[in-house]
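Note that the chains take the letters A, B, C, D, E and F in the order they are written out, and that residue 1 is the start of every chain.
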Amino acid sequence: MDSVLIDELAWTEYRRRAVDERQPVLIPLGALEQHGPHMSMNPDVVIPSAIAAAVARNVGALVAPAFAYGAKSQQKSGGGNHMCGTASLDGHTLTLALKDILKEFARHGVRRVALMNGHYENLPFVTEGTELAIQELKWGGINDFRVIIISYWDFVNQDTIQKVFPEDFTGWDVEHGGILETSLMLHLKPALVDMSLAPIQPPAKFPPYTVFPPIPEWTPESGCLSSPAAATAEKGKILFDVTVEGITGALGTEPAWQQK
Amino acid sequence: MDSVLIDELAWTEYRRRAVDERQPVLIPLGALEQHGPHMSMNPDVVIPSAIAAAVARNVGALVAPAFAYGAKSQQKSGGGNHMCGTASLDGHTLTLALKDILKEFARHGVRRVALMNGHYENLPFVTEGTELAIQELKWGGINDFRVIIISYWDFVNQDTIQKVFPEDFTGWDVEHGGILETSLMLHLKPALVDMSLAPIQPPAKFPPYTVFPPIPEWTPESGCLSSPAAATAEKGKILFDVTVEGITGALGTEPAWQQK
Amino acid sequence: MDSVLIDELAWTEYRRRAVDERQPVLIPLGALEQHGPHMSMNPDVVIPSAIAAAVARNVGALVAPAFAYGAKSQQKSGGGNHMCGTASLDGHTLTLALKDILKEFARHGVRRVALMNGHYENLPFVTEGTELAIQELKWGGINDFRVIIISYWDFVNQDTIQKVFPEDFTGWDVEHGGILETSLMLHLKPALVDMSLAPIQPPAKFPPYTVFPPIPEWTPESGCLSSPAAATAEKGKILFDVTVEGITGALGTEPAWQQK
Amino acid sequence: MDSVLIDELAWTEYRRRAVDERQPVLIPLGALEQHGPHMSMNPDVVIPSAIAAAVARNVGALVAPAFAYGAKSQQKSGGGNHMCGTASLDGHTLTLALKDILKEFARHGVRRVALMNGHYENLPFVTEGTELAIQELKWGGINDFRVIIISYWDFVNQDTIQKVFPEDFTGWDVEHGGILETSLMLHLKPALVDMSLAPIQPPAKFPPYTVFPPIPEWTPESGCLSSPAAATAEKGKILFDVTVEGITGALGTEPAWQQK
Amino acid sequence: MDSVLIDELAWTEYRRRAVDERQPVLIPLGALEQHGPHMSMNPDVVIPSAIAAAVARNVGALVAPAFAYGAKSQQKSGGGNHMCGTASLDGHTLTLALKDILKEFARHGVRRVALMNGHYENLPFVTEGTELAIQELKWGGINDFRVIIISYWDFVNQDTIQKVFPEDFTGWDVEHGGILETSLMLHLKPALVDMSLAPIQPPAKFPPYTVFPPIPEWTPESGCLSSPAAATAEKGKILFDVTVEGITGALGTEPAWQQK
Amino acid sequence: MDSVLIDELAWTEYRRRAVDERQPVLIPLGALEQHGPHMSMNPDVVIPSAIAAAVARNVGALVAPAFAYGAKSQQKSGGGNHMCGTASLDGHTLTLALKDILKEFARHGVRRVALMNGHYENLPFVTEGTELAIQELKWGGINDFRVIIISYWDFVNQDTIQKVFPEDFTGWDVEHGGILETSLMLHLKPALVDMSLAPIQPPAKFPPYTVFPPIPEWTPESGCLSSPAAATAEKGKILFDVTVEGITGALGTEPAWQQK
């Protein structure tokens, strides 16, 4: 039982690490969301879970079970919540769920949590859940609980962008089901990607506003917002390594995280 | 991509199965809960997930990502929510989360869902979420959505009980972290069980009432409510087979489930 | 004004008993639920209210107004919430109502409350309300508030079962509108029972799962889950006495309840 | 079983009256609230319950179980929610509870409900619950559900005021625990009033604003907002008769109530 | 920047006044509600905002941005929430919004807030929000936060009533869109009133109960509950001056408000 | 009364425009948020309100009262919600408020609404409110309600950026209290800006993650995330004109908006 995964530990071993050794907890936050015809619907879970596990081994942390369902997909970042297969929580439900779980880890004695987000649309709702959890923990007399919120793509540096998108980078906005996520999945779970089905298409273009109910024609028929055709496992490894390294480094130097 | 796991399918394949073929969806409902010093904290996820996958293959169904967090552990059925490691949702949060996800599958076109519950305390809250989802779906004009709620242990028949508990069966109540769950885990995930740490203890005895805040002394120090020492992988296989067979049979004969 | 009923006391007298004498408070929790064609719809209120009053006289406690509406009736324990006459709260509403009222008694200075439950389906939702109330009271600096949750049928011992069900006892599950409740009502409120209308029927049989929306045919046409035909006022008296005695004894010996 | 009280009827009899005969339902809405040192804390339940029962007999209606707990007492109408003995629900809880129960009666087939309010502070929250219930019922296709909201004191006419308050009437505002309620209780439940303890005091005077947290000194020490010393059972009978007659008449002529 | 309006101040200046000088904060609470064919829909915002600004200058206070939307209009006080133009919040939403904002001012260091209400129906919901905010602030260790709730019409004294309604005063109940509000608007925002469109009509008469869904015919076709034809700017000035003076005086003498 | 502002119209005139002429409604969404020592705390209200009014005149639309309070300020986009002066709603409160108001306009007969957002952090919560409102409107049988969500800065094109930021543009992220907002305020409300207090500072730099509770030192002492020193009223006019023109054009060509 030398796993970093909390759910794979007996509670006595978890207690030893979380309470006695004061190890922090990383929580991967994902979604069940369509990512094109060539790839499974779980990259938003698989990628931050793998990154979290690697970071946890680097920094001596524990990884909580991932949130498998996330906030509603938005058309310009995830194709939209009208898509078949995408299954989302109401924003408030996600806020409450995160709040509840953060309070539970605090009850155990954990004082440092990092949210490892893999689904763009989760961010405001888990931020809200974090703020509400901290408020309630203070009401309960716990004043030293700290949360770091991380989206792994924010650790892909300019160098890596040039390696991964040698031609031109059209922006994170349209990377849904594109080269970034597909490469990472080819590296992490090749069996869940079938490049023969990767759509070849121009990046999606959207007007500078959104419309509700969503206009289905705005989303490319594939569900991808840009073509994943140039994705490779090698690019995935580069991306994985740079984000793991970046997050490991950030946690190692951030003073708020260093105080136990 | 011949997986039964929805999150491992591309959305186009999911759509083919769920919408065109009208395959039903099974949702495993678990918890992150201490289960003794000899076993990981995920049996309530692992066991119904494995049963769901086997049943899905038998009946031609799909399996949704499991709910990894559940309702608050109760002292007389799970050791209590004061235990370290156990991390639970508020009941209302769980109700909302299930309601949201049921509505999403219905939006896709799914009309039959089976909840595969692995955590006793989930039942009333997911039942409530089911009733609320059906109400809202009716408001939206969907009147033929059906949900079957299953707790796998209800399919362990008398015969099996005699095989698995040859000496005497002290009741499901105290089977938390005991022979039932440990045997199933030894069958399904032996690496997550260390029988050398299995506590030897009499079954927990509780008064005919509950007290809040919980009285820690009521829960055996191990967190198990009975001794798992007699658990074996063979018993796990027997239990697994009988529940898979029972649930497969039930779904195959229940008229409410048969209408597509 | 020597009543044990809080609502029948002037507030000054209530204050004397609850605050000066530190008397505990018992809250009967019922439901408005069909209980067959031979009996009124209030046994889940009448029975725990009568038991609470008797226990209160025995132990020197007060009885709060009963909750007249409860959680949704379930088909396998109460006939189901599709039945005409049954009128239920959403689970979360019940949780909030109990939370609010517990906090109010704590505000007055009460530190010990016993919930006297008469409706099986209430349990998880009032347990949740109890846990949330205790959390909020702690936020407000009240750390010594204790709640005991009691379902009266858990105090019917083996001896009594043999007296009341001499032929065979088919389990509490199907006792809805059966011998237990009907006998108690014959003892407590004979005018609300008409034995000439008592249905004669075999105990209800249910599959080991539940289906939503409920399948009306699963519930016996009478609404009773077993025949009350063998109910008598004498059996009612036996049941009443044994539960009152049992609960009185339990409160008298439970250390958590003894500390004032 | 010729009771008008729903909870005293078997469901089959309730169904006959509510569904076949289309009888309307009256719901008494009360509170557990201090009403002075001379009187029990249940006048807000007892009075509208008695009026409802009398009106129901007059118009052929049914009476649902009373709401025994109400919205927070306000200092200028009920002494305030800081008083010992007063035990109130959050406003939203009351709104939800009423919404739930109205929807249940509508599910049975009831189309006309009258709320018989006995606690001033309930009004806005039960009005809100009524509006939300009607909205949800419309979502469910029920468009002909009507609710009449009645506070019994609005049926005390000028004539009666002169009889009951021959000297001078200082307004409903300060009638909390005063002549009106005490007289009605002396008529309906004389055992719950002890006139020897009735405080003699001038009517409470309040500034034209409210302050939170409440300033305890604003509330007369007795908890009454005016002196009940002039209350008599005879006045209670006059008040009871005039309100029962007035409400009976109103329901008999209001067109919205007459359509079945 | 010598404004009393918080939103017109830089945060540094706000901090100086609110924190260093301990100035209290006044929050105008309005609604978007029809007020007849002769007047804009914002009197419930304009009037308390103007009064708040004048009072703030008198007592050395700050004025927060007004709540532009309020609780649901009721038929007998505002024409009803079925009217075109009226746009209201659910009661609970208003409660939460006020709770949130009160907590924010408390976070800054403000300890005295006065709610300046201009919409009758807001009162119970903002009172509830106030009580909940104070509860949560206490949980957070802030015990000296005080709120005064003011409806400006409660400061119109008998003298003024005789000046403004020389013939006869039919009561505040039917003053919706009548002489009171129209006169104040003629004084404060004459461009938003067109007296040529002022309806001439008798005061609305309502039965002593309410009906839901509202019966449109109960509300006069104009939306006013009494005729504003006798409104004048002069009366508006009298009303404005007397309320400003009254509120200024009240705040100046109320001990709860005086302690900084 | 030729105003475009709904609250300045009589309901009869509003009805003529909104219902008879089918004019759409624009809702400005702002915040009360510190924007540096040189500027008032209302730019997030003032700017979208002014843009909305201009667009409304161009396209024949109405403008609803602005939301004066918004979602919690985030450190990397608004300085953070720990800042004095900033007063925010919980995300869920904002979601509910927007949902309520959208439903009200739909009840009147409005079928097209544009949200004119001025506070970055509002977006996900008002998007959620929009999605929930559309869901409930569908439950109520309204299927043709459309909402466009606009953040004005998304209409500042490359050309304008070069004019306004001739040296270099450091990104919208750090434009809080910077040249963009300050220039617009100088154009729209010069009295609310005091350039003599404009801080001179480098753009704020943040790590690629966020920390809660916020680390006050991350936010520049001024509260601005970049220096507004180069702001001018002329730049403000350019920005105002280009966004008004852009939004006017977008509404004029978006097919979803054109269908009445």
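Throughout what follows, a contact is a pair of C-beta atoms (placed from the backbone, for glycine too) under 8 Å apart; a residue touches a chain by one contact, two chains touch by 3 or more.
Chain labels with UniProt names: A, B, C, D, E, F = Creatininase.
Please read all numbers here as calculations on a predicted model, not as lab measurements.
*Asks:* List every chain that touches both subunit B and subunit F.
*Replies:* A, D
*Asks:* Consider the two chain pairs D-E and A-C; indicate the one with the greater count of contacting C-beta pairs.
*Replies:* Looking at contacts between chains, D-E has the larger number.
*Asks:* If you match contact pairs by residue number, which of B-C, A-E or D-F shares over half of them with A-F?
*Replies:* B-C
*Asks:* Averaging over Cα atoms per chain, report the distance between subunit A and subunit D in Å.
*Replies:* Using C-alpha averages as centres, the distance is 54 Å.
*Asks:* Distance-wise, how many Å sit between the C-alpha centres of subunit A and subunit B, to the nearest whole number?
*Replies:* For subunit A versus subunit B, the centre distance works out to 26 Å.
*Asks:* On a C-alpha centroid basis, what's the spacing between subunit C and subunit E, in Å?
*Replies:* Centres of subunit C and subunit E (C-alpha means) sit 47 Å apart.
*Asks:* Can you list every residue of subunit B that touches 2 or more other chains, as numbers and ranges?
*Replies:* 90, 92, 139
*Asks:* Chain pairs that touch, all of them, please.
*Replies:* So the chains that touch one another pair up as A-B, A-C, A-E, A-F, B-C, B-D, B-F, C-D, C-E, D-E, D-F, E-F.
*Asks:* Using the touch definition up top, name the residues of subunit B that touch subunit F in the complex.
*Replies:* For this pair, the touching residues of subunit B are 136, 139-140.
*Asks:* Mind pulling up the subunit B residues that touch subunit C in the complex?
*Replies:* Touching subunit C from subunit B are residues 71-72, 74, 81, 90-92, 95, 121, 123-125, 127-128, 130-132, 134, 146-150, 154-155, 207-213, 215, 246, 250, 254, 256-257.
*Asks:* Within the complex, which stretch of subunit E touches subunit C?
*Replies:* Answer in residue numbers: 135, 138-139.
*Asks:* Show which residues of subunit A lie in contact with subunit B when the two form their complex.
*Replies:* 1, 6-12, 14-15, 18-19, 32, 34-42, 45, 64-69, 83-90, 92-93, 96-97, 100-101, 104-105, 108-109, 192, 194, 197, 223
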